Structure formats: C-alpha cells, structure tokens
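When the chains are written out, they are named A, B, C and D in that same order, and each has its own residue count from 1.
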Amino acid sequence: MAIFSFKNDYSEGAHPRIYEALQRTNFQQAEGYGEDFICAEAAEMLRNAAKCPNATVTFMPGGTLANVVLIAHALRAFEGVIAPETGHINGHECGAVEATGHKILTVPSSDGKLTAPQISAVLLEYNTPQVVSPRLVYISQATDLGTVYTRDELAEIYAVCRENGLYLYVDGARIGNALAAEPSLTLADVAELSDAFTVGGTKNGFLYGDALIITNAELARNIKHSQKQRGAMLAKGRVIGAQYAEMFRDGLYYELAAHANGMGVLLRDGLAALDVKFACDSPTNLQFPIFYDAEVARLAERYSFNVIRRYDAVSSVVRLVTSWATEEESVRGLIEWLG
Amino acid sequence: MAIFSFKNDYSEGAHPRIYEALQRTNFQQAEGYGEDFICAEAAEMLRNAAKCPNATVTFMPGGTLANVVLIAHALRAFEGVIAPETGHINGHECGAVEATGHKILTVPSSDGKLTAPQISAVLLEYNTPQVVSPRLVYISQATDLGTVYTRDELAEIYAVCRENGLYLYVDGARIGNALAAEPSLTLADVAELSDAFTVGGTKNGFLYGDALIITNAELARNIKHSQKQRGAMLAKGRVIGAQYAEMFRDGLYYELAAHANGMGVLLRDGLAALDVKFACDSPTNLQFPIFYDAEVARLAERYSFNVIRRYDAVSSVVRLVTSWATEEESVRGLIEWLG
Amino acid sequence: MAIFSFKNDYSEGAHPRIYEALQRTNFQQAEGYGEDFICAEAAEMLRNAAKCPNATVTFMPGGTLANVVLIAHALRAFEGVIAPETGHINGHECGAVEATGHKILTVPSSDGKLTAPQISAVLLEYNTPQVVSPRLVYISQATDLGTVYTRDELAEIYAVCRENGLYLYVDGARIGNALAAEPSLTLADVAELSDAFTVGGTKNGFLYGDALIITNAELARNIKHSQKQRGAMLAKGRVIGAQYAEMFRDGLYYELAAHANGMGVLLRDGLAALDVKFACDSPTNLQFPIFYDAEVARLAERYSFNVIRRYDAVSSVVRLVTSWATEEESVRGLIEWLG
Amino acid sequence: MAIFSFKNDYSEGAHPRIYEALQRTNFQQAEGYGEDFICAEAAEMLRNAAKCPNATVTFMPGGTLANVVLIAHALRAFEGVIAPETGHINGHECGAVEATGHKILTVPSSDGKLTAPQISAVLLEYNTPQVVSPRLVYISQATDLGTVYTRDELAEIYAVCRENGLYLYVDGARIGNALAAEPSLTLADVAELSDAFTVGGTKNGFLYGDALIITNAELARNIKHSQKQRGAMLAKGRVIGAQYAEMFRDGLYYELAAHANGMGVLLRDGLAALDVKFACDSPTNLQFPIFYDAEVARLAERYSFNVIRRYDAVSSVVRLVTSWATEEESVRGLIEWLG
C-alpha cells in the first residue's frame, strides 16, 4: 500500500476549476506584470469580498515573497518587526526578513498567537537608539499552530498598533481556514483591523499565488516598486489573477477552506476518541497530536507527516495537515489504523 | 478592430500541452518545495539536454528571482557584478541586485553584448579596496536587444572569467531563441562555457517558471538556502517541474522558440523590404525597427508596442516582439498595414 | 632628500590646538554616545555658524560613515540616489551605499558638478516600477575635482529637489575649502539650500570626525538609531565634539581651509606660469595639472602624488593636494623643481 | 557635591600618554587609510603580543564597526551568526548585523557565556534550507556581564567550531580585563583559539579605536574591502595606530586593564562585606550588585549608574563599572556612602 501524506496542504496540484478558468482566457492577449484585465477583475472581487473598496491588491507568486515585499516596503532601515517566536517569518523563511536588513523582535508564544500586552511590553523595552525601533507587527491568521484570533483579539492588537504608530500586517496564508473556523470574524473584519493582509492561494487549491491587500493608503504607495525589486512581479500576472477570480466568483475559496477544516476536526475528534492528547487546541486543518513513540512508528508505516518536537521521554508532537483535497475516507483510514 | 499586441512574448497564457501535463499528475501527492518526483524528472531532462549530468537544477517562479537568487548566492559582501549597461538586472529589475547589497559595474554596449576585452578592462580598473571586487559576469543570451553570442564569443568570455576567478552567469530568459538563431551553439555549449545559466519558461509558452542550472559544484552548494531566503522556493514546486518536463520531453521548447524567431525574421524581412532600417541586427524574436513619427502613429492605431527611445528629430526606435503564439497572418497584417 | 607628499590633505596629524582642547577636558566625566556637554556645545556652535537653530547635529567618525548613515536613513527600500558619476559615494567607498541596498543613479559630469536640468532628466526617465524611485540627490561641495557650486547653482538644484520631493544632501568633506573659495556662499546658505549637509573635519586639521547637520526635521527623526546601526556612534563622542568646539570657537576652521586654498592657488598659478595646463579649473586645494610623462617622472623623484588618468599619448592628469599643514616653501619648492 | 559616574568605562578622555604619542609624530607625513608606518609598527606589536606573526591587523574606529565589518565579511548571504542572547551584537547595536542581511541565532545565557554543547545543539536544529546556515560563532571576552571564559572553555568552543566549519570570532572590547582576570589565558591563547578577535581600545584609555586581528588567512583575504565598504577605514588611520603602538610598547594596555579590574574587585568585595548579593560573579571591572530600592535611591543621590532590570519586588540589578581612570578613593567613597 502506498504511503499517504498528511504532511501539508499542498501535496496535490490545483482544484479542477483552476484549469478551466485559465484555459478560458488562455489566448486572449493581456498586459504584463499584473496590469491586465484579469487581475483587475480579481482585485475588484477581493476588494468586494473584504469590503475595502480603496485597497490596493497585488498578486504575488507565494507567501514568503508577499511577507518580504510588504515588510521591506513598510520599514525604514532602523525599524524592526514584532512577531511571535513561532511566526513563519522567524523560523521558516531562511532569514528572508533579515536579508532585507531588518531585525525581528520575537515574543514567546505557546499557541502561536501574539497578545496586545506583549506588544506594549516590547514597545517599553525598545525605545533607545541602541535597539531597533519597532514599526510593524506581524501575525498569521490562522497561526502556524492552527489556532485562530477572534475578532476581539484582533481588534485589541490593532488598537495597540494604532496608538503607537505601528503597522499591523496579517499573514493570511491560511486565512480561509481561519474564517471558516471563527464565526466572529469576516474578511471585512480583517481588512478593517489591519493595515495589510494576505489571502493565500497555494494552501487552498491554487497552483500557486498569494494576494497582498493593503488598506492603508500611505503604506500602499509604490508597492509595485517593491514587488518588482523583490522579484515578485511575474510577467504573466494574469495567471495568478485568473485563479483568484475563479475562487472568489462564487465562494469556492471559502468552500475549500471549510472542507479542509472539516477534515481537520474529523481527524482531531477521531484521535481524541482514542484518548490522544494535543499540543494545542486547533479548530482548523492543522492538528498537533501527541503520539507515543510506538504510535509514531506505526503511523509511519502507512503515512507521511512531520514530527515537530519531542514532548517527553516517551512521546512526540506530530503535525497532521488536511486540505481541500483530503477525502473523509483517508481521515477515517488513519484513525482506524491507529485505533 | 481590436488592438493587437507586439509588446512582448508573454501576452498569451500557456501552450495547451502545459495544461494537459499539469492535469495528468494533478491528484498524485508530491513532496513540497521542489523535492518531488516531477521536479526530479524535469531536472534530469534538463541535465540531459545540456549534457551536464552533475549540474544542480533549481526551479524558480521567474527570471528576476533566478537572477537575484544566483547573484546574491554567489557573492560575498564586498564583491560586485560586471554587466552590460543594457543588461536586464541593471535597468529593468528595480535595483533588485543592489537591494541584496551588491553594486553592478556596467559596461557600455551598443548591441547588448559584452566582450572579453571589456571584462579585462574592468578588472584592471577595479583592483583596490576603494572599489568593489568584481566576482561575477552577467550576460543574457539572447540579449535584451535580441542579439546572440556565438559559441566563440561565449568561449572567449568564459576564458577571461576563468583566468580571473570570476563566475560567468548566463541569463537565459530567451535562451531558446538564442539557440534557435545561432547554429554554432547548443545548450551543452552554454553549460560548458558558464558556471550557471537559466532556461527561461515564461517567455516561451509556460504559465511561469525559470530553471536555474548550476554546473559549478562549489557555486551550487546551499543554493536551496538562497532560493528559500529570496522567496523563490514555491511550496508547489511540482507545477514548474511539470512544465519543464513537458517542454523537454520531445523538444517542444525548441520548437516554440524556433517559431517565435521565424515570426521575428518574417517581420524583420518584411519591414526591410519597405526600406525600414533597424537599430540593431537581430536574428530572434525581438526586432528594433526605426520608424518615422508618422509610421509610429499609424502603427499605434492597430497595434500595441513599445517605443524605446528617440532616434533622431523625425524618428524613433520601436520594439516589436513575436512569440510562440504569434501567427504568420498577424505578422503579415502589420507589414501590410505599414506598407 | 625625503619624498614630500602632495597626495592628500590628511598626511599630517592634527592642528596643535586640537590636542590642547582635548586635554583641557580630559578628566572631566562625560556621558557616552555623543550625549555629553562637550558635543552639546559644539553642536550649538555649528547651528550658530550655519544659522539653523533647529538643526540636528550628529558627530560621526568619518565621511563615508556620514554618507552611509544619512543616505540609508533617508531612503525606503525601493528608492535610489542621484549623484554625479564622479561623486565620492560612487567610486571611492567600495559600494557602501549599495551595501545598504540602494542603487546610485549616476549622471555624467566633466567638472564634478551636477546640474538642475540633469536631475529633471533623471526624474523623467525613472518613473516606473521597473526602476528605482529617485529620492535623494547627492552632491559634494567642494567636489572631488576641486570645483565649487555657486549659491545660484545650489539654489537651482534645491528648487528642483523641492518641487519633486527629493532630499538634497551636500557632502561637505571639504566644505571649508568651498566656502573659502566662493564668496557668494556662506555656511548659512548651504543650510538653507539643502536638507542635510556635512562639515568635514578630517581633511581640515582634525584627528578625525565629520559633523552631519540635518535641517529637515522629518529627515532628522531617529537619526541616532541609524548612526548606531551603522557603527557610527562612538562611545567617546566627546572626542569629536571637542574638536568641533575648538575649530568653531573663533573661526580656526575657516582659517585653515583658507590657508589650504591659498597654497592650492599658489601652486596652480606657479604651474600655469610654467605653461602647465589643467584638467579643470579649481579655486581650492585640489589641483589637476596635466603633465608630460617626463614631468611626471621628474616630479616622482621628490614628491608623492596620484596620477588620475592618461590625458593623451604623451601626458597624464595628476592630482596635487595642499592642506592646512602645507607650507609656502613646499609649494615653491615643487614649482622650482619642475621649472 | 557633583554626581560621580560609575556608568561605564569611557566617561573620561584618554590616558595622558596617548596625547604624548600622537604629538610625537604629528607633523611627520604618513600614508592614508592605515597604510602608514605608524600602523605598521602597531600591527607588528600586536602580532608579537599575540604570537601570531601571520595575522592581519586592521584598525577600526570602534567596536560595533569591528563586529559588523568582520561578520559581514565572513558570511555569505544565507549564513547566520550564533551568539549568546546577551551578546553586544544582539541587544546593543541597533540591529547592525541584521542590517547587513544576517540573522543572529541567539542562545539563552545566564552568565553571558556560550557553551560548546549549546553550539552543537544549534547545529542540529539549523540544518535545512528553511533556516539560515550557521557559519560564525560570536562571543565576547570579557562578556557583557563581566564574566570571563577560561582557556579550557575557549578551547572547547573552538574545537566544536573547527569540527563543524564555523568561524569563531571573539569580541575583545574588554579583552584586557579578561586577560587581567583569568590567569589561565594569554593573548596568544586567544589568537590560537579563534579565527579572529579584537583588542578594544575605547574602554581601556584610548581616545577611540579597536584592532581587528584575523588569524585565519582565508578569512583575512580582502578585509580592507569590507572595512572600506562599512565606512570603517578612516583617512587618518595613523591616529589609531599610534595609540596601539603606545599602549603595547611597554605593557601599558595590560596595566590599565589590571587597574580597572582591581577597582572592580575592590568595589565587589566592599559591597559583599555589606551583605550585598550579585547577579553574577564577575572578576572584572563590570559588577552587577542587587540593591534594594532604597539603596538604589540613596546611590542615585551621589552617583550615576545603570539599573539593568528588576530583580524582585523590592530590588533591582544595578551595573557599576570601573575603569583605567577610576581612583581607589572613589570606590571607597561609594562603599561608605552605602554602608
């Protein structure tokens, strides 16, 4: 029997409608560099979905580029980024932010989330020329641990940012999963409660692509320069635009994210019924069960996945990920295999 | 009548076989970050095509990223790049190389090409701590002016580089066009006569993608770190891999480039028959006719294109580009329109 | 007979009054990092001298650091610097500006000076995301060729800058020489007609030191962060402060610069009387005579100096520099030796 | 009564012999940029003192510059630095290392020291393209907490570095204090057990200056380029050279450091006799007593100093620093005042 992967949410190609959409306009000529009619339509759909009619939408090839473009664009040389220690920019992008010259001021976090008081504490500490001047707060929604900020938490963070002249940037590589899991929150809320955010494509059924949406007009100025400078302005921008247009035409984007979450919760509840404990409480498609070494070994016979860290002498934290492409039968199979 | 574009070689989507190829493996699970079986197959095809069995192949989203990743990877902080003034990295990437901390030492060029003696002259001038230390030579093949280095020219440049401890990097965004136009040169020659080169996809019928091929083993070490750091390692690397595999499976890549060149030459010869002069002599899909102002105005009624610069008081240099998707009828239409 | 150097204006140590000044306060305790009473006094003297009571004065160890600190502080990542090709930042600082991520847009100049129309032309050319966005104009006063901007020239440049949202930064490594040579111009004029400028110490009798004076309040904000980040904030800032206080207490700074110029003009006129021609017309302490090869050889028997470039088949441009420490007898000796 | 400062070891100017030395050669002409006979003599003295006849010695204006020059010189873009969390480069240089593009991988430390096993642990964790590749270990000797590595500790760290292809760089801003405190260690040991180290001047009676000594020949190559690029190559390099020559001519450097330590230990023992506890056990000129709030308040009436952090509800950790210029009477005065 072949090994089945629960390693991530990008193991398959793209949702079939992506191909249909691309082929539909394939031979229509379009401007380069995202200045085309397809990107224009997609941008308008995103602005409507997020109720931010004046926002600037830029299409990027991937999430690391979106993060780097926005952060390097926002900061002057002496300024830094506040982020939770577990943030993607800190541990998974090979020093991409530092490579643009900026220090990340990390804050400890057990559940992947940053809190408003933590931001205030950083501001108190970083207020002399001996240290960089904090200017931007980076959070991800959903977080790298699968957890989700409520609307209130986000509002509290944004209030601290505004009082202190900080930009708030929300990495939405899995924003569909966050919105599907958190009933208190809409995309319009995210737009209202941040200066910039992304709507990730790659992890939700796209071939590739990330949409950077900047609601703060001053921050948006000249963003295409920064996009070009970091190599994130693809000649055929239309290819990304067409995918967003298709996904937001009728809500397919949300549908796929909800499916992924549903599979994640099915997995979580199934394992919980087997008395498995979890490293954190996630309502999304990222689950972090704690498995005994024997269970890890058994799982590895049929599945691929990542072991995150040792938990104690006899067990480890494992990361299991479901996606738009995961079928119920695959989840049930895993639970049975361990049961 | 709709405006028809001769602005560039990326106005259309992708060649139909690209979609077929992507859909064929769409639901097979694959590893992320280019570590999958599809990229492995594509890399092997490229190594075979270039007869460099030990080369390291890395798939990038686009050409600017390939340039930035390789150049920033190759250089230490105090080192710089030698490039012709017309090189893409100098005038069309918004300071992307400088943004990684490196100065470009530009050399004047009327036909887009750099010569071996020019490199030697730079080395004589840049040899004190007051100036950066040249370490890498950047050329493009074909050049941004549509011209092509012969095998001998390339060999002479590489000889100077090797004698002086310089890396030679060939930007192959249009390498298919170069090979189709220059009978003295094969892909294996490029591999043999450089330390690294790219095989561009975007401008030759791909959705997107650039393949960076490093033949110098020492230079290749840790390239995936640099790819990740610059945001050029897409999660679904497979999507780029699948396109290269399809294009190199049976020579479609060369076929499309030859077609684009054929259309360029048809256009060139047709205009020449109308007594149009050219700013430089190009055998590829980029043509630079010199048009009187009235001709420019007439052309603009039916076509979109770029005016490069004023030529004299009454005329300008225009850039006309053909591609894999250009039909003979479109070229003949333009010639008739001006005739 | 020992070789005597006309190579530069920093061949000797410091003016004797520098030592007296330093020793006077040597055992008084002072705050670190330029926050001390001595720097405060010196800053006040400079603000008075330049009639800019609200300017921010920061003391730097040297000129390259002053340039790098100010430029990297002023620019956002996608912005660049306009400078004459001969500017110190372009050819003599080992890519220091590029190392902070910014491209220098160079403009040809035969006399070391930039003109207002040249700036306008750059702005017309650099106005798309494909190229960096010009944000700061760098000039030096006096220039690297010993020439000096008049008040009118400076005013014209600053007018273009203000109309276009560009900062104007004047590198004053030899500003004393400029002021001593150009009766139309005062230090207060420079302060009024720029956003930031330096008053160089090293080349005018200091042990070391450069004062960066920022008159644009918005640009001055957080400058100490940038100073610290680039390593330009010395723990004993007082040592630089004490030197400026001494030099501006009673006009010694101007006196030394006038002496250096006087020696330069004596040298120029003496050589001219021998029918020597000059590469450019300099009223300051930098002179660029054109010597026949035999003259160069004869000169080298007794003097050290730099040959700048070949002029023609039989002669070269030589750089001869006088300083605060040059004695009339040394200048006359050189003229006689060649006469 | 005037406030007396125990804030740092750079409150006074320079040792009187520094002025004598500078004046001795003041009117002898010398080459610029550290290429002069005075720097040559000083470099030779340092090589002799450290028994590393082939080392490359470069004179820098200050410690942050020395750190930045060496680190940015050593690393390729994708490489990072391992340092203790308390290291000067991490918390006191305004992101200077990150501003050159490199991430610092910090390791927790309660006494300011890094251990060999900690380095090994970082290497195990940082071994994929998702994270930067560790290449250089930064430690300071003495540390920012006044503690000192023994010869054995240093040897153990260097062994791990060599086994793993890491450079070891020792920030010696207070290396005199370390050597004076640690009988097991000589300057020759530091040279033997590292790839590069500094011999700090500013904190040991110089006007300013830091000597960077590179014993690893491959690392030393082109260091003057990096020195120039970071603005650390002063035109009058001779001024720094003259200070080192004077300090190492007859051991004055060691004498001053020993005096500073003696004052530190006198202070420590005097406070200990008053039952004061310390945050860490320092044998050097940096002492970290834990004072009750009332003691802090009483101390502040007559002395200036830094409060480092709260220790508990009723007390704080204070930093008291002695120096080459501290007199016994001042130390005894402080102890009496608190007694």
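The rule is simple: a contact is a pair of C-beta atoms (placed from the backbone, for glycine too) under 8 Å apart; a residue touches a chain by one contact, two chains touch by 3 or more.
Since the model is a prediction, treat every value here as computed from it, not as a measurement.
Comparing the CA-atom centres of all chains against that of subunit D, the greatest distance is found for B.
Counting C-beta pairs in contact across C-D and across A-D gives the higher total for C-D.
Averaged C-alpha coordinates give centres for subunit B and subunit D that are 50 Å from one another.
Inter-chain centre distance (subunit C to subunit D, centres taken as mean C-alpha positions): 33 Å. Mean C-alpha positions place subunit A and subunit D at a centre distance of 42 Å. Along subunit C, residues 72, 77-78, 93-95, 99-101, 129-130, 132, 225-226, 228-229, 233 each make contact with two or more other chains.
Within the complex formed with subunit B, the subunit D residues making contact are 33, 72-73, 75-78, 100-101, 129-130, 132-133, 222, 224-229, 233.
Across the interface of their complex, subunit A is touched by residues 4-5, 7-8, 10-14, 16, 19, 22-23, 25-32, 61-65, 67-68, 72, 93-96, 99-100, 202-203, 207-208, 225, 228-236, 238-239, 325 of subunit B. Subunit B makes touch with subunit C in their complex at residues 77-78, 80, 91-95, 98-103, 129-132.
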